[in-house]
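The next part holds the structures, each set out as structure tokens.
Consider the two complexes below, in which chain A is the common component and chain B and chain C are the respective partners.
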Partner chain A sequence: MKKAQMKMMETIAIIFIFFVLVLFGIIFFYQYSKVSINERNEQFFAERAMRTTLKVLFMPELICTDHGRIEQNCFDLQKIGAAKEVIERNTEDYYFNLFSYAEITVHQLTKDGMMIPPAELDANKHLIYSNPKLVFTKKEPTYFILTLKDDITGHYDFGYLNVTVYS
Partner chain B sequence: MKKAQTEMIGLVIIVILITLGMLFAAQFALNDDPEKKIFTRKGLAYSTMSTILVTEFQCNDNMLSGKELLEDCVNVELGGMGRYSCGGDSCEYFESQVSALFSETLDKWGKNYEFTSKWITGTEDRELITITPKNSEREEIANPCKGKDIDTSNPFPISLESGLIQTLLLICD
Partner chain C sequence: MERKGQIEVTFNWIYIVIAGAVILLFFTGIIIKQKAASEERLAVDVVNILESIFSGAEVSENTKNFVETGALADEILYFSCQDGIGEYGLQGYDYGVQNTVDPIFSPAEIKSPLLILWSLPYYLPFKVMDFLIVTSSNTKYYFIKDGSPFEEQLDLAMGEQDQRLSINHEFISFSELSQIKQGNNFQVRLVFLNEIDIDDIPTFLEIDRLTAVVFSNAGIKITYYKRGENRWELIDSADIISLDDQDRDAAKIAAIFAENGEMYKCNMEKVFKRLSYLIQVYGKENADGVIGGKLGELKQYYEEAIYPNCQSSYYEGITVPLYTLKHQVDNCVFESYNSDSCKSLDNTAADIAIENEKLDTAVSCTRLY
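Showing the complex of A and B:
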């Protein structure tokens, strides 16, 4: 083989390696973009879950008030009972814009100062809003512990809020 | 420039490129805790603590809030009888009720926690109640939040004539 041919072979090898490296770079960038887009989607979804929970926690339809003063982390059991019907009737024209595809429940764990037996917990679960997505890719539940005030007896019970959002 | 020098420069460029690639990958791998996770833990710790102190528990014919039970617990700790007896003294009753509530909530959601209540006077700190998750043998796990990402409810102080009760809840994943 002549010297010029050798040089030519060397150049071809260098160009080949260069293109292999460029290809690796493109594959790596593509994978990175894919993962970062997924991550951003997840972040948006998590933020939606957070925003929905905050909206529920400060809903005037549910929160306790004492002579006009808002009681923090507290839902009024009488308001919950009344809100259920109102929310169900106005889901499409108002509450869907607020919560989109989600399910909001309040679980009561004590009643009149006594622990509710596990068998009766389902009977003391209050469904506030139910609009689950039938075919969903992701589901994110968020929990918050709350005081449940019975305005008739004036007692404060223990419960929690479960906000599950769907995408 | 000699051939050896040119090759050396080539090697240095390759090393720099590999280092940059590794830094890029490390930045990609080391992700911070998402905002939602932090918000949930912090909000949960605060709301749990405030709810525990307000929730009322039945003690014979009395309805006593968590705060009142803790106040009475100090009387027990001081060697007195305590004003209320609910199958046990106020400290035991508070601990059993709150443990039962945590096992229905935080335990089920896979959260680790450490609830502490201290009585602080000018001269001493005395531990009143500590509640942590239990293992399969129903024994309390010591330091469940050690080495984990922790969020706190911030101390909730209750003022007494004899000092201060400070309650704190730590929640970790």
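Showing the complex of A and C:
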């Protein structure tokens, strides 16, 4: 009787240790998967940020043209003014599909070749698209230097593009 | 004693078998789950990577890129577009990317070690979007020579020094048609740049996945056929809306690569939707009847600068056809691609292009675009 009990206890102990080891394995694998999924998500998120910036940089609604041909890394100031209204009005039915949760701002740094004083920078900021996620886990801002063309005078100024994407 | 021993041994074996089965079942379950998860992950990864590649390829206008598919060479990539929603992904997996913005023209299925991506800008009359053409190294296009300027344009556009970027194509005469072979190609398309009676095209060719496209009405209509049993079956057709004076007629070239008229029209509808918004940026009509957008700003500037030539030119020359274009494109998106509004778009765009050119050359005003 005692021997059988001992044997039973031994078997239970072996099974218990076995399942403990399996549990450890599962926990380890779960943690590893979690980390690798997070890494993948980070990577996809960074790619989305880059992709969104790229899309903005080549948007026909904003880009400068010279005799119909595009000028790279240049935004047309006259178009910017008009585009922000159009984009705002059609965010839900079109532009959300393009940019998802993001905020796109063009900051003008010079005007007629002169640096804009810091106090006036906010007045020369153009919010092109604003659809931030209210409860977000991550946000990634990207910046890009631009030339800003006044198509009437033909003058070029400097500015930068800020694209912030939310996840 | 012997009986007790027997019971103990039997019990131990049953116990071992049950425990073993449970353990085996447990691990089998984990393996099945992991397999499903890793397949799902593969599909998601591939589609996400493709999305990034397509976005990059699309914005670099007039360029070709190639993508080596590596381990996915034996998988089938599918592309579709219906009711304004494009979709692509790996066939046989649940995950695909839907896209309502970017126009992607491609065969319905691609199974290849090398994808070729070609971005072409579309103007009507200003730049609207970049078309993305997706094809593969084993999708062959046979162009039946007609000596037209479009043939020359195609010949120049498709060839590349780097073989990986070169579209798999060949210009042949009609008489050479009967000699074409499947080779290593997954699919073959015959492209007739001039109108032809479909029954004149041989059907005896021993080629799988053989399709044909025929341009007609002086190149402004394309009809899609597939080879059926001993005859060519009509799939559908589509009108081509583009300006004539372009080096690379994106709308016409894209039509060659689209699987069928439905896919072509679906993608073109995406483009026209964007055009509608773009026109508003250039010059929208405000509720009070005042011109807005860039045109509004230009007009206001020239009014203040007391420059009568520009004022009238902007107003009469550009505004009216721009509003007409907006009206037509809205109707085109709302009604259908085959409506008269769509067919009139290119004429109105040509009027705007002429007026825009005049602004600079005749009256020295700033161009609209």
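The rule is short, and it goes like this: the second predicted complex is superposed on the first by the 139 of 167 C-alpha atoms of A that agree within 3 Å, B and C clash if a C-alpha of one lies under 4 Å from a C-alpha of the other, contacts with A are read in each partner's own complex, and residues count from 1 in each chain.
The rule is simple: a contact is a pair of C-beta atoms (placed from the backbone, for glycine too) under 8 Å apart; a residue touches a chain by one contact, two chains touch by 3 or more.
On a predicted model such as this, the values are computed, not experimentally measured, just so you know.
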When chain B and chain C are modelled together on chain A, clash or fit: fit
Chain B versus chain C as contact partner of A:F144, first or second or both or neither: first
First, second, both or neither for A:L109, with chain B first and chain C second: first
A:Y32 touches, of chain B and chain C: first, second, both or neither? first
First (chain B), second (chain C), both or neither touched by A:H67: second
Contacts of A:V165 with chain B and chain C, given as first, second, both or neither: neither
Which of chain B and chain C A:F58 touches, first, second, both or neither: second
Partner chain(s) touched by A:I152 [first = chain B, second = chain C, both, neither]: second
Partner chain in contact with A:E47 - chain B first, chain C second, else both or neither: both
Touched partner set for A:I128, first chain B, second chain C, both or neither: neither
Minimum C-alpha separation between chain B and chain C after superposing on chain A, in Å: 11
Contact residues of chain A, present in both the chain B and the chain C interface: 47, 50
Residues of chain A defined as touching chain C within the complex: 4, 15, 22, 40, 44, 47, 50-51, 54-55, 57-58, 60-61, 63, 65, 67-68, 70, 76, 78-79, 81-83, 85-87, 90, 94, 97-98, 151-152, 154
In the complex with chain A, residue positions of chain C that touch it: 8, 19, 26, 45, 48, 51-52, 55-56, 59, 61, 99-101, 121, 123, 125-130, 273-274, 277-278, 280-282, 284, 292-294, 296-298, 301, 360, 366-367, 369
Chain B-facing residues of chain A, complex: 32, 35, 39, 42-43, 46-47, 49-50, 72-74, 109-110, 112-115, 142-147, 155-158, 160
Footprint of chain A on chain B - complex, ascending: 28, 31, 34-37, 39-40, 43-44, 46-48, 50-52, 54-59, 63-65, 97, 100-101, 104-105, 109
